[in-house]
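Next come two complexes built around subunit A: one with subunit B, the other with subunit C.
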Partner chain A sequence: MTDPRSVGSAALPRLVGARVARREDPRLLTGQGSYVDDHRPARLLYAAFLRSPHAHARIVSIDASAALALSGVTAVLTGEEIARASKPVRAASKTPAVKVTSFPPLALGKVRHVGEAVAMVAAESRYVAEDAAERIVVEYAPLPVVTDMEGALEAASPLVHEEAGTNLLVAREFARGDVDAALASAAVVVRERFRFHRHTAICMENRGCLAEYATGSGTLTLRSSAQCPGIVRDVLSDLLDLPENRIRVVAEDVGGGFGAKASLYPEEIATCVMARRLGRPVKWIGDRREDLLATSHAWDEIIEAELGLDRDGAIVGLRALVTADVGAYSIYPWTAAIEPVQTISFLPGPYRVPTYRGRTRGVATCKTPLGPYRGVGRPPAVFVIEGLMDRAARRLGLDPTEIRLRNFIRDEDFPYKSPSGIVWDRSSFTGSLLRAREALGYDAVRAEQTQARAAGRWLGIGVASYVELTGIGSAIPVSPGMPIATGTEAATIRFDPAGKVTAVFGVASHGQGLETTLAQIVADEVGVPIEDIRVVHGDTALSPYGTGTYASRSLVLAGGAAIMAGRAVREKMLVIAGHLLEADPADLVPADGRLAVRGMPDRSVTVREIARAAYTGAKQLPKGLEPGLEATRFYDPYYGTASNATHVAVVEVDRATCQVSVLRYLVVEDCGRMVNPLIVDGQVHGGVAQGLGAALLEEIVHDDHGQLLSGTLMDYVVPSACEVPWMEVHHLETPSPVTLGGFRGMGEGGTIGAPAAIANAVADALAPLGVEVAELPATPERIFRLVARATR
Partner chain B sequence: MKPPKFEYHAPRTVDEALALLGRYGGDAKVLAGGQSLMPLLNFRLARPAALVDLNRIPSLAFIEESGGGVRLGAMTRQRTIEFSPVIAQRVPLLKEATRWVGHLPIRTRGTVGGSIAHADPSAEYPAVLTALEGEVVARGAKGERVIKAADLFQTYLTTNLTPDEILTEVRLPAMAAGTGYALEEFARRHGDFAIIGIAAVVVRDGQRCKTARLATAGAGPVPVRLRAAEEILERDGLGEAAIDAAARKATELVDPDSDIHGSADYRRHLTGVLTKRALVRAMGVARG
Partner chain C sequence: MMTVRLKVNGVAHEGRCEPRKLLVDFIREDLGLTGTHVGCEHGICGACTIMVNGESARSCIMLAVQADGAELMTVEGLMQDGKLHPLQEAFREHHGLQCGFCTPGMLMTALDFLRTNPSPSDGEIREGISAVLCRCTGYQGIVNAVRAAAATLRGGR
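Let's look at the complex of A and B:
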């Protein structure tokens, strides 16, 4: 752990905080990006996967002879064959709360969800590969299908994983104090059974990968549309029994990830095995149907929760039972615990909750595995706690903002340890809500609502405040019980003799603008123009050890490492400059690309002269100073840091069609010291758009046989530009007291706040009918039913 | 998502196209704008032996006034219709409906003949053809025949065109000056297929309603003419009570299916809501 106070200040603090236009955009917007599918090495083979049509079935036999007989087909791989070349994936856990189960790269023995990869074809073109996949004859013996997460817990339920002996893969509890007594004596108890339906990420670029195995050197290169090249490299080494220094994983440009590309996928393993077996490059590019079937899904939780308050509206206790449908497999490295455990971790929200018991259950079913998705656990948690706060406010006759202000962790309470053990550093819970009220013109909008209601219109205002944990260091795993270390990231900052800088990171940008924000930090630290900095990321062969980009960590961890490495380089520059100028390094000041002796602007050297000297050798350097001008530093923020916001939605529900229109949307967020407000705004916009999808539109639907009904983008309804409202984004900057630079992570926040704010606004609009919103997305169909029931 | 192998033909004339269809004996598909057929091919839901592409037959793309109506060549793009002065003047309901068809890139490729021949019951053009009592012209080996809208649509994605026929032309009666019209549609997302759409046409004579035409999109396997609702208006005029009664009647005349976007109950409810909205707006436009 590095004490933030020990690192000093930046050389030229001028770019951090500026609205610098994204440096990667000209490349990406003119089609000059370098995505997996842009690469076509010589002798390339194209892969297609045969996927299971059954949700649960035993594989009796697989006959690939007709596929292999097709002209242009090179090879077919099945589960049994791949089992000889790769271990099955086992997302291990240090906690007994998680039952460890196997995830074979190609189905072995039985299939557990529709869309599970059963066989892989490599052929001269994707067309031929798909023709061949159709000709593989698989005999299935259908098994009883497990689709209902609560039914799956009954003793009579069929098992998804026999080795577990139960469908209950995750069971965990967090508790503080005597919640039962607190609720029994509470003046008011509100309770609800909440349902947050299944969701998926929908990246602009589908998943895909390209594996090349160099038989001469025994090295494997995997290009993958992945967020975590470091994690993929490490696990492939284990699965394929290849040393890590012979595996290179490259994730150059990646078209969105949102968490769904943070896990290891079967196709990555199978593509590597196929390439190694054939000695030819093999590429698989997932299509949209495969993406909807076989990229991890999200959320899918039932949350029964009760909140008790005293007569003044102060919380006395919170009790909850979370049940999550984690799907067919425990995903690597996060395990099936990531969603259900995060939900009970964050359920108490930014409030003083004196007594708490959150129990969670992760249940295996015959559906696509659940994985991380922007917000992880927090969108459902915030939907629940903020929904309960509004219900309590209605019961107590309090304004929804007032009840929050009465319960927020107060400024004098920080650092505050939450009932689940998270420590919140100094944040702006109260400040963000007050600012949101002011920016909205809260009282005026309430008056407008009164008038609208008198005119028979269903207008509602919804507020949601949340706090999340970002930039997590080594003290706690990103996902509970996860065995891999995710607490550090590194930066290498290297000057070349011409005075230009290459900054290399183990994180991997997939849309966050890290090539810009990290360059801003580096520019300030080493004192060169941003144009002279090249940021390299997403390539395990080039970068120092790291894992990747997930969990709102990259700016905090890689940014902190950049500060440390930058200052180390800077220190050496001063020493060299002092030598060249025959001056004390302490007397040197930066001046327009040079270092000059204080008060003597004519006595100066340029950055370029310093860099050249660094590589010229002994004559140019102080005695005993090692040549070269570069530094690698690792940063571990240890606990991580809080990040908070208040969202406000103003909506109108059409009385006739029950369609929700978002009339205004306002965010007051606090991500500490902002590196680039333009990029912060963009992250909020994108996050809110996805949160709005969760609130109103997007839902993965299966039938009772486990067949996916929302298997196209016609049926899985993501918001388009027409559905996303204009957003007003306001910033508070409470520098984090515990991270280098004072940064807090903020990539996920938009998605965390929006479902709750919109749900609360819809409920507020329908309050005259006595209707509560307990199920998301709040589709026109669902609102139609709620209204019909209330007005019957 | 790659189609299985198929032959591809790009004939220059309708006769050549018909000869090709004959040669494949029902195992060829006609390619117009491709906005529905290409996804079906890519999903391998359609597996024709051949595609007969009409895009290089110039004689199939036209908009002409003729007699009391407008003739549209089957390959006329939706984008052309959207900006055609003839359509704006003579069949303004079609212009209005076109704005609801997909998005700009889809309308740029999509054609009037393709949309109608594809017979998606949630699409706008079949509803307009039904409301206006239009006709299509089909050419086959045995010559040409004219099919009335009411006879064309059989069930989901199915018309009474035979596999060796090509829909070559769409004929719509001109709407008399002063005719009221509106197309109301409800979808969860802009540009999506309608959960319910209602095309309405009213010809006013003072407070009386000389003619009312109502047709649905999304309310069953084929576009539905809401004749009994039309009769209420033709009998009782266009007052609020009559419109309410017609909208109520409309909900009784449809038998929609449920899917993940809306239940039958909700679609029936929407049929009433949109019928009323369409009639109110149509009446506002109508003169006479």
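Let's look at the complex of A and C:
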């Protein structure tokens, strides 16, 4: 059999690598998107949730009679009622390092954070549903509130989950070599207590879902603003005791996810239960207050770390203790371990770290559950290691780029096993930093800085290099010990008899442009114009088995599956064409959208003729060849692959207001072979903007009673166009040696590099004052206090 | 219940609703025009921005009854004769959208902005579109798109 790649689509321009305009744009630009809230089936009921005003309280009684008496109200659900229709969510763990706790869809017995759903109303309109929710009378007996993650570990602390017997839900350690001895004999040891505060994703579309239960067929359809329709389908089957083939989860257009929509949420379960109970469609659309209260929060860690180096600036050891405030519940399927364990896993960064001990603790408190958000663990990890590298450079009198170059994992070291066991494949750590220096005009900017300092200005340059693991296959759980397998994705590529292609994927797109990039890959593999390809995703009833989009995996896994399925289909096309042309398939070449016998362009068939023959049956097909022209293939990249980048920020701190302005921002990233540079750039831009928000503006704030103080978009400040600088993005393309197509995932990287680069730039700007930046976001108030302390 | 009569994208509509109904809910639920999105319901994010009597306004902090007698334009009215508006074309060409949720509000804001400032600097574009929050693009593609659309619109095409 001929290698289908060699004939591929040589007659058509290769699309992988091209800046193809997005195929999803025309509908989204004209108001024809299909988000959850755009659907209004007949007999629809609208839901509203009553949420806890207490951070920790026993529920004494719930009286819904006044709510039910209101005209237009159909039903009220409470925790006790829903417990009869759904099991509580238990994010099980295969590792004893994680204590398993229950997460009831509606609070059962007690509430554990402000904003926890206590009761659900279904009514004829959202307005009436909210009226009714206000009329539900809940008697609470307040309990002592746990808000401080370190205090929560003291023996006298009240417990968030009595069943765990402790607030320490996660404890894990990674170690390599004798770090204590290494640090004791190091020429230089830098140490810091870092604080990366609590953040949240703020998708512009709030979470929402719409459930319909068809009593006649016993099938449940859930439309949800979810990143992972497959995961939601699987867990609903278990919780609601419905077979998976009777549950359809649809996530068509989703207004941003960033990881925050990758988890199962209580509202999804409650909406399904309500719809099943009433036999009517029920829709819940969260508002922004609910989003800030009840969509997972992120990061929120204290990291105490020490880095030892020899006289030449080579790292000899790294020792760290990570403490994460994981909030009130262990989120499904990732568990409470995802953030704290990811942080210690990635703390050594792209460096040769001969000795390491990273301990991590995930601590329950009476706050919104912590969940995955763009970067997961790595924005804090990179903030810490890159902050330590700069501190070490200052101590040793080295340039921050020089100390990194001396410590990077070198080209000859790949594949390199990190102290936490991650294997880095061939990457461009050194290359990305050298390119960034050159593109910035590093020496010239340093000279400008010298002049600016002489003029009394606080100008700083910050560098951050990182490596992340993307496209993770079955060998490594995306979150340690998690209860589900996430290592595979599938593609179905199907020709219809007219020669047009439908490509179906289990992943889901919520802004990444997968309808475009996956179509580019399919077009190249099967050799048809992109106009003839329709990509279908985000619907469990249509797709082969898959989980969804998270952990920078979709292009790697679904793209790999597309390559495999595309090649299988192409191979069959050649066999059929060979039969129709009475030629050896190995002698066929593409020509003007046809397949022709080499050297005889008039002996050819069209794709349409091949597809028609495939469905016509015996006379048109070689003896024994199965009719049809479609293939489903599953891809497992096994370990996954590295992506890396170097970010450089140039900032100025205003001496009067302590406000930070980002004057220049430069990224040199390496995501392997790029499918669509337009989309790669867009992912970097968006990621950097979120990292900038994390570094300078955004913070979830609670008071000592666990009340959320940042409950509006006036208090939780995400960057507008005025705060985000022009971003200069450069690409290195080191094809991944371990993935089909050479692709590496790159959806999260911008947010991983930016907080560290900006923090280091602010610290560099204030270096003449001897100020270090150990806490993010670096708000004007925090900088003012640092400066005031230093100059007192 | 109150009667609301208004024009949307040149078409006259009449509906009855409670006085408390938000204009954006009236547009989406009563008129079935779901292109306008709800992002925060407190006037910050700008996803719900539409044109009211020729000027951009946030439809999540207006009541439907306040729009009685008004002429509205929503994202559905931007395309003319089956062709994308130059702003829409530019957003596509310059990757000015990803998830698409802020996009209708961003387009209406940019439309109003270019009406008042047809030759903006990049700084002015950033200030003009800062009325709408986008979480996906980092605004770079949007700034590029608005700059390109301004040039096209000045050229009278």
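Brief remarks on what is shown
Just so it is clear, the second predicted complex is superposed on the first by the 779 of 792 C-alpha atoms of A that agree within 3 Å, B and C clash if a C-alpha of one lies under 4 Å from a C-alpha of the other, contacts with A are read in each partner's own complex, and residues count from 1 in each chain.
The rule we apply is simple: a contact is a pair of C-beta atoms (placed from the backbone, for glycine too) under 8 Å apart; a residue touches a chain by one contact, two chains touch by 3 or more.
Computed from a prediction, not measured in an experiment: that's the story for all the values here.
Looking at the shared chain after the overlay, A:R288 reaches both subunit B and subunit C.
Of the two partner chains placed by superposition, only subunit B is touched by A:Q659; subunit C is not. After overlaying the two complexes on the shared chain, residue contacts for A:A18 are found with neither subunit B nor subunit C. Of the two partner chains placed around the shared chain by superposition, subunit B and subunit C are both touched by A:Y127. Shared-chain residue A:L68: touches no atom of subunit B or subunit C. When the two structures are aligned on the shared chain, A:C722 is found in touch with subunit B and with subunit C. In the superposition on chain A, contact is made by A:E781 with subunit B only, not with subunit C. Contacts of A:V688 after superposition: subunit C is touched, whereas subunit B is not reached. Once the two structures are superposed, subunit B and subunit C can be ranked by residues of subunit A touched, with C on top.
Contacts of A:M714 after superposition on the shared chain: both subunit B and subunit C are touched. Put simply, subunit A uses residues 126-127, 287-288, 714, 720, 722 to touch subunit B in one complex and subunit C in the other.
Put simply, subunit A touches subunit B in their complex at residues 126-127, 130-131, 134, 287-289, 656-657, 659, 697, 699, 701, 709-710, 714-715, 717, 719-720, 722-723, 779-781, 784-785. Listed in rising order, the residues of subunit A touching subunit C in the complex are 21-22, 24-26, 28-33, 35, 37-38, 40, 126-127, 201-206, 253-258, 285, 287-288, 510-513, 678-679, 681-682, 684-690, 712-714, 718, 720-722, 724, 726-727, 750. Interface of subunit B with subunit A (complex): residues 1-5, 43-44, 186, 188-193, 260-263, 265-266, 269-270, 273, 277.
Within the complex formed with subunit A, the subunit C residues making contact are 18, 20-21, 25, 28-29, 33-42, 44-45, 47, 74-76, 78-79, 84, 88, 91-93, 95, 97-104, 107, 122, 125-127, 129-130, 133-143.
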